[in-house]
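Letters A, B and C mark the chains as written, and numbering starts fresh at 1 in each.
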Amino acid sequence: MSSARKTILERIGKAMDEGLVPTLSERQQGANARLSEKKPALVPASANVFGEEAIALFSAKAEAVNATVVRISSSAEIASAVTDYLATKNLPAKIRRGADPLLDQAGWESEPLLDVSIGPSDGSDIAGLSVAASAVAETGTLTLCSGPENPTTLNFLPDYHLIVLPVDRLHGSLEKSLRRLVDEATVEDRALPRVVNLVTGPSRSGDVEQQIVLGAHGPRALHIILLG
Amino acid sequence: MEDSTSKDGGRPARPTVGLFVTCLVDLFRPSVGFATIELLEKAGCDVAVPVTQTCCGQPAYNSGHRKETAAIARQVIAAFEGFDHVVAPSGSCAAMISHHYPALLADDPSWVQRAQKLAAKTHELTSFLTDIVSLKTVDAAMPSNTTVTYHDSCSGLRELGIKAQPRALLSQVENLELREMEDSEVCCGFGGTFCAKYPAISEVIVSAKTKTIAATDADLLLAGDMGCLMNMAGRLRREGRSTEVRHVAEILAGMTDAPPIAGTEEERS
Amino acid sequence: MKVHSADFIERSAEAIGDAQLQRALGNVRAGFIGKRAKAAAALPEFEAIRDAAVDIKNHVLGHLDVYLERFETNVKAAGGHVHWARDDDEARSIILDICRKADAKTVTKGKSMLTEEIELNAHLQEHGIEAVETDLGEYIIQLRGETPSHIIAPAVHLNRDQVEADFRRVHSHLDRTRVLDSPESLLGEAREVLRQRYFEADVGITGANFLVAETGSSVIVTNEGNGDLTQTLPRVHIALASIEKIVPTMEDLSTILRLLARSATGQEMSVYTTISTGPRRDGDQDGPEEYHVVLLDNGRSALLGTEFQEVLRCIRCGACMNHCPVFHAVGGHAYGAVYPGPIGAVITPALAGIDKAGHLPNASTFCGRCESVCPMRIPLPKLMRQWREKEYEQGYQPGGMRRGMSLWAFAARHPRLYRIGASIAAPLLSRLGGTRHRISRLPFASGWTDARDLPAPEGETFMQAYAKSKTRNAA
């Protein structure tokens, strides 16, 4: 289909040459400048938050979209936070997680009754645990990167999704969060992870009479464990 | 002509206003034209009515007859460019002149500047009376406890930003209580030739509108555009409702001698 | 793309007479308008962000060829494939070919208007491949053999009891005595039924809300999570995107994302924004092994540099139809085209020809509410008017309309003639109005008088009365 490629690019080029941006070299310059500049257009003032203020905004926004939020001070408390959550939801003490190194020192030994397994989900898991790559305070959004550390199926198949967010990964704006993520992931000309999931609350649908119902095809509940 | 200061003493001269009557006022409701003149004169303007005016051309424009519309536009520009201001008792016609004429004549070098100049000094009545000249007092009064609801006509609202102006003026009318209808900013379904081309759809839209009007239980429905008023009045009457319908200029000028639009005095509730 | 817009009047009459539909359409007004207004008001920079987003898209459209090539390079660098399709036919062939190579029996689909535009499901079906829609709304209408009536709420024309009947009919293996009368129970059942389908599927097909040139990523924005399961579980992921979906950078994506959900559903962010770049990597334990992007033109490049170019800024949020009084009255199916409402009235003539879609740009009151809420500030009434101009210029305007308007315009250019006409008509109509000052039936204006009375003129025209008053004052 390379002829289709040629035709489409020629059609576009012809329209351009007839009026928009005069020459191909000018178009290349214009595009290159924008791609290297990576300039945010207009970041809302409310996204300009840091530290505790950012954490408070993030928590409020996440709760506003039906997520629940707890905060712990060290990674050794992750396991008990998981157990507590499962208990309050009357769920079996069982969790599926990825191989994220942060979860290696999660205090699992202190929760001997909690059944922890590692790997992607096959759809049979009731609860999954992930670690966020970053987060956005302005909308209560978490970003999750695919990989063996955090398999994507854990984000969507289990009914309950628990996500650990180290607070130093929280940014005020979407731009900052995404830029940091791209910069970290694409060193040495590497590509972005296969998928970056921006998650804002548990799944929902309004397709029947425009009434919002939680728990569509993804998780019914989203629980955020703030770390730090 | 643009200079509003007289040559001798620096005392402001009375600004001249060319009244753009609008075709619907001309044909259906001359009272609105006279009420407009009354208000403009109260505001200290000298009003003239050029006889070479017919219509702003909007029906042709919105039907895709661009060339014919451009010819009408040139005629309007020639008739009105000599005044300090041009005022129309219609947001729709005022927006046609102020927003669409310059675009319509953009490719005509001998007319585009004239179109822009006219555009800059063309105003809808209530916005002219509040934003351009200040009508200090509206000395109109209604019979005691008159309730009024106001429909925001689309062109005036969205193209000219007219929302607060008529309400500010109406707030000065004695014995008048404004009762807002739900969705006052939603179209009434007139749409010029739309109501003729798609009558069944227009009927659904205007019926939704009359429902919200009736829900206010107001005595009087007001708006600033004859097209919308005729549509809503016609539907209210067809539904057997007694809400009186008038152009806002009639109330502001205190000129309510003429029977309401599409209805007689006797039918008042 | 099949277009049935020539029957718009018959279809809209049917829609108006359909009580079930009219009840459902109430949900459009109730479900979207207030939420959008609230979300826009809560972001002080909303209007400025609209301006910024317009600038971004205008820049993209002015550099589109360069960005597309850059996007392609980056997809390939990440191990993905890019296919170019001039039209719907080519896009269908490319997708079928990929499915065949994957030996696909079943494909799952995320919500994609573009697959509706190219009528992909029917094509796959014809070639023995079952396409399963997974978005709840799309799933419902697929069960009914219908097309979406709204670009973001495909089943907005239905009420819950209709959905219940369809589920009982199709999910006949489930307990007949189950309770299925709420949105919750309906969603729960769809979730259960579709879970299995995700795992069975060999290929997952999604659309793309955006293509990020900088990273070679396709982006989908959803609330249900179905798009993610669609593209994660099968062995092959195909993203179908039209060429104007490009944004240069993540910053540009961020700006437009701030508008998309707010304008569509009043959310600050949709639940899932998914940025996909290439296939499964070494060490990954899930995700597709193949990642394909199909870039579709289908008439879009022909709009570049024309007076209709601005429509290419559209991000398919649906705000224009959510706020359209005509859409509220007749719903989406009456338009007889893939894209309904104001945006459809501009796109459809571009894709299918003004001769086939003449009603659509005409069926607007030009109230301008669509433009006032369009996040990308597309001047929809202006573009619809331009289609009316094309229709007239190319001789497709109905004869009566054309002649009537030409006659009227002639009179308007001859003030004396016009004056005479008006001074004859005004008293005539006035007399018809009698003491009630209104006319209940007027043969040549039955469109008006079928639904409402015609207010009668006062008697003389203003110009006559004014001339008299002048003479009186002079005397």
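Simple rule for what comes next: a residue touches a chain if its C-beta (ideal position, glycine included) is under 8 Å from a C-beta of that chain, and two chains touch if they have at least 3 such contacts.
None of the values given here were measured: they were computed from a predicted structure.
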| item | value |
| --- | --- |
| Touch-based graph of the chains, sorted into line, ring, star, complete or other | line |
| Most widely separated chain from chain A, with each centre as the mean of CA atoms | B |
| Gap in Å, rounded to a whole number, between the CA centres of chain C and chain A | 29 |
| Chain B-chain C separation of Cα centroids, rounded to whole Å | 33 |
| Length of the line joining the C-alpha centres of chain A and chain B, rounded to whole Å | 53 |
| Multi-chain contact sites of chain A, meaning residues that touch two or more partners | none |
| Touch list for chain B against partner chain C, complex | 21, 23, 25-31, 33-34, 49, 51-55, 57, 59-66, 68-69, 71-72, 75, 154-155, 158-159, 185-187, 189-206, 208, 229-231, 233-235, 237-238, 258-259, 261-264, 267 |
| Interfacial residue positions of chain A with respect to chain C in the complex | 1-2, 4-5, 7-9, 11-13, 15-16, 18-21, 24, 27-28, 30-31, 34-35, 38-42, 44-46, 61, 65, 119-120, 123, 138-139, 141, 146-148, 151-153, 155-157, 173-175, 178-179, 182, 186, 189, 191-211, 213, 215-219 |
| Chain B-facing residues of chain C, complex | 9, 12-13, 16, 325-326, 328-330, 362-369, 371-372, 385, 387-393, 397, 401, 405-406, 408-413, 415, 418-419, 422, 425-426, 435-438, 440, 445-448, 450-458, 460-463, 465-466, 469 |
| Residue ranges of chain C touching chain A (in the complex, touch as defined) | 24, 27-28, 30-32, 43-45, 48-49, 52-53, 55-56, 59, 61-70, 74, 77-79, 83-86, 90, 94, 134-137, 140, 153-156, 158-160, 163, 183-184, 186-188, 191, 194-195, 199, 213-217, 223-226, 228-229, 232-233, 243, 248-255, 257-258, 265, 267-281, 283-287, 291, 295, 297, 301-302, 304-306 |
